[in-house]
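In the two assemblies presented below, chain A is common to both, partnered first by chain B and then by chain C.
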Partner chain A sequence: MNFREAKIVTRFDYKNLVRSAPGVTFLILYLYVAINLGAWLAEQLRGTATLGGGANVDPEMARQATNSLLVKIVSWFLGGKDEVVRFLVFDRPVAMSAFFLLSLLVMPILVLFLSFNQISGYVSRRSIRYIVPKTGRLELYLGLFASNLLFFSLVSGALTAVMTVGWVLASKDVGTGVVVGYSLQILAAVWLSCIPIIALMSMLAAMTGSPVATVFLGLGTYLVVILAGYFMSAQTEWGKVFYYLLPLEPKYWFAYPSVGHFIGAGALMLLYAAAYLALGWLFLRRRNL
Partner chain B sequence: MTESLAIDLQELTFSYGGSDVLRGVTLTLERGQTLGFVGPNGAGKTTSFNVIAGYLREKSGQVKVLGGSPRDIARVKGKLSILPQDAQMIANIGILPQLVFFAELLGYDGKDAEAEAMRVLEMVGLAEDVRKHPGHLSHGMAKRAGLAQAFLGKPELVLLDEPTAGLDPFAAKQIRDLVASMRGETTLVVSSHNLAEIQDLCSMIALIHQGRIIKQDSIEVFTQKENQLRIQVRGGHPPMGFFQKVEQSPGVRNVFFDQYVGWMTINLLPDAPPAEEVIKLVVGEIFALNLSIGEIQRGTSLEDVFMSLTGGPSGPQYGGGSGPAR
Partner chain C sequence: MYRPSGLTALAVFNFVLAGWGLLKLLGVAIVLAAGTPKGAQGQPPPQFLMLLTLGYLIFDIGLMVTAGIGYLKLKRFLGRWVGSIEAVVSLAYFVAVVAYVQSEGIPFDVRNLSALVYPGLTLVLLNIVFRENLVH
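Up next, the complex of A and B:
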């Protein structure tokens, strides 16, 4: 593995990504979803910054008392885990918690539209034939993965920063430190939960060599895993295993109160990413270009 | 011994979806030579190039390029270079940044990479077009941009798949001159359907047909330049006695005559007197018969050899009137 060459690939592809159809599509989708969601939540935050009351309040009572859509969102995501709901609703600004959970749901799906064109774009146009005699397949593969990750990191970082300023200005009764700290947690969690999806798309791109097939296979995998997990877990206990083909469940651990859960979820996300990348590499190293 | 070979293919096979494209290709090329790789469409030229470049994985056989596997990039990087037939550059990035990117991958840094990119763009006549994006280039310009990337650095082996296809005569000549200037210092393999171009540029020829190399030799041997004369007789059909007389001349092995086009082929023995003497003798006999001469050739054109070996339109099975003069 030559890191210098992987870095050169990353820098070149990043420039390409910013000007390419997938990059622009992702930016438009991301801006549309994030700005609308953020603006709506900022409005909510103005009225329901924290429901207050601390950890001893019964969440069922709180739900009945507030009947807030935000609480419903948080409860729906974490149904059956009352202590987590209580933490997100009462100890954190509930609007930001709702944004957090919605981001964990939506962002990995949006990332599919950013990262479908990794090596598949180079294979389908055969541009890869100009590159491969000059650098190894591994350097190219990891360099392209890194450029997609970098692009996503910069876009999500910039938008989170803008939204944090908005939240700070909108919230009257929540300290700036709490808002900024929670924003950073959200950014880190969403970033980590998207890494395996970018790696999944690297793998599918290496397998198919076609951008269109990659995006359809990516969406299809998401759908199949959810449906198979749902139906199989209704049949048998081990059916739940299907859910774990993608990091669908562990990503919500990022929202749990304990640091241990956050670190565990982060480690799992990196493990998923490494597994997808390794599988993709097994295909790419032997495939005809 | 192997180290002196730039390319060493032994019994190479490759299949696309169950269909055998290469069926035991054996080809060797010494370093510093210029090889013309010719064959009909679908014969396996581009597939062979792609295996040599490491894009495709052979089904069986041995592929050695510059002494090892072409997929060992750390070893061949900067030494092996290729102009692929169907590759496209990234459409929305200018050609200069793309060539700088390639140069950086080859080990050049910063300004050196840009200087190297400019050097090859000037070589192919694109120095004025560095800001253009590949999406806005004509076919000929895109081909020259592809050539530019093949000439980056100091490659030891350059594979050029149809380098002049689709170029206007001026651009094609420019590319031919460029390739000619690299002969001797770099091992070159050129694939082309323009056989006259191959005959001008290359010292060695490999002819591939139906997935096999059916002949590989120097251009002189290929075209029998030293042991064959071809004379076009005009004004009528010489009598049988004329052919017998020529065949009994010193150094002549045999004589063939194609009555439809009037070409007489004289095959010479290895210890034949200088060809000029045989020509003088035969020409004198033809004039004595009150016939005239259209053209005299030393050896066969590459096109004729190609047609003959691949069974083309004027090959033996179509020639009708070809055959021993008697």
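Up next, the complex of A and C:
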């Protein structure tokens, strides 16, 4: 593995990604949709309770809040885990918690549309034949993965910066420190939960060699894993194993109160990413380009 | 010279947003002509804000279309400079409206932040990412 060559590939592809029509469109639409979603959630906060005050929450406000849409969203995601729901509703700004959980659900799916054109673009255009003599396949494969990750980091970083300003301006009862700290936690969690998906798309791109097929296969994999997990878990206890083919369940550990859960979820995300990348490499290593 | 596809996408966004701005301009003109417009709380929106919006929209639509053509032709002045001026004008309008609304004691609506996305990104893209392309 030549890190210098991988770095050159990353820099070159990152520049291309930022300048490409899908890159620019993704950047604008992603920020626009996410900000409006966050703003809508913040709007729900008005008239119920700002919460985030821990033990000082007024019981009447708490009663109102438990009927609010935001609490229903949080409870839906973490059904049965009452202590986590209580933590997210009463110890954290509830609108931010709802945004956090919705981001964990939606962002990995949006990332499927960002990272489909990795090595598959070069394979389908046959331009990979001119690149491979200059650099190794592994360097190219990992370099393209890194450039997609870098681009996603830029977008999610920009989003978090804008959202943090908005949250600080909108929430009067919650301290700036709490808002900024929670924003950083959301950024880290969403970023980590998207790494395996970018790696999954790297693997699928190496398998198919076509950007269109990569998108459809990525979406199909998501859908099949969810449906198979749902139906199989209804039949047998072991059916739940299907859910773990993708990091669907563990990503919600990021929202748990303990630091241990956060670190465990982060480590698991990196493990998933490494497994997908390794599988993709097995295909690409001997593929006829 | 080679035109990156992202610059073409940015030009298309400019034309679409100019069209959207034209619709907004029409709406503001109708509200002003109607004489007794009603705001969200049944109050008439301040005349100052309406006139500011009207002026801004007329100026902004012109700049957006001009800059869009500049992006397609890879022009330094029409593309990079006019595009940057348009973004700065949009940001200044945003700041003016927020300052006015805050001075009236109306709480800040986070949804307004989405108005920062396009001008902010335009400034970054034109002056960092596409700087080497807009040179004619």
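Following the convention adopted for this analysis, the second predicted complex is superposed on the first by the 261 of 289 C-alpha atoms of A that agree within 3 Å, B and C clash if a C-alpha of one lies under 4 Å from a C-alpha of the other, contacts with A are read in each partner's own complex, and residues count from 1 in each chain.
Please note the rule applied: a residue touches a chain if its C-beta (ideal position, glycine included) is under 8 Å from a C-beta of that chain, and two chains touch if they have at least 3 such contacts.
Quantities reported herein were computed from a predicted structural model and do not represent experimental measurements.
Touch criterion met: A:40 reaches chain C, while chain B stays clear of it.
In the superposition on chain A, A:274 makes contact with neither chain B nor chain C.
Of the two partner chains placed by superposition, A:223 touches none, neither chain B nor chain C. By the touch criterion defined above, A:167 lies against chain C but remains apart from chain B after alignment on the C-alpha atoms of chain A. Touch criterion met: A:134 reaches chain B, while chain C stays clear of it. Once the two complexes are laid over each other on the shared chain, residue contacts for A:28 go to chain C alone; chain B is not touched.
Note: residues 19-20 of chain A belong to the chain B contact set and to the chain C contact set alike, using the contact criterion stated above. On the side of chain A, the complex with chain C involves touching residues 18-21, 23-25, 27-28, 31-32, 35-36, 38-40, 42-43, 46, 162-163, 165-167, 169-170.
By the touch criterion stated above, chain A contacts chain B in their complex at residues 2, 5, 8-9, 12, 15-16, 19-20, 125-137, 286, 288-289.
Per the touch definition, chain C reaches chain A in the complex via residues 4-10, 13, 107-114, 116-118, 120-121, 125, 129-130. Against chain A, in their complex, chain B makes its touches with residues 50, 53-57, 73-74, 76-78, 80-82, 84, 86-93, 97, 101-102, 104-106, 146, 149.
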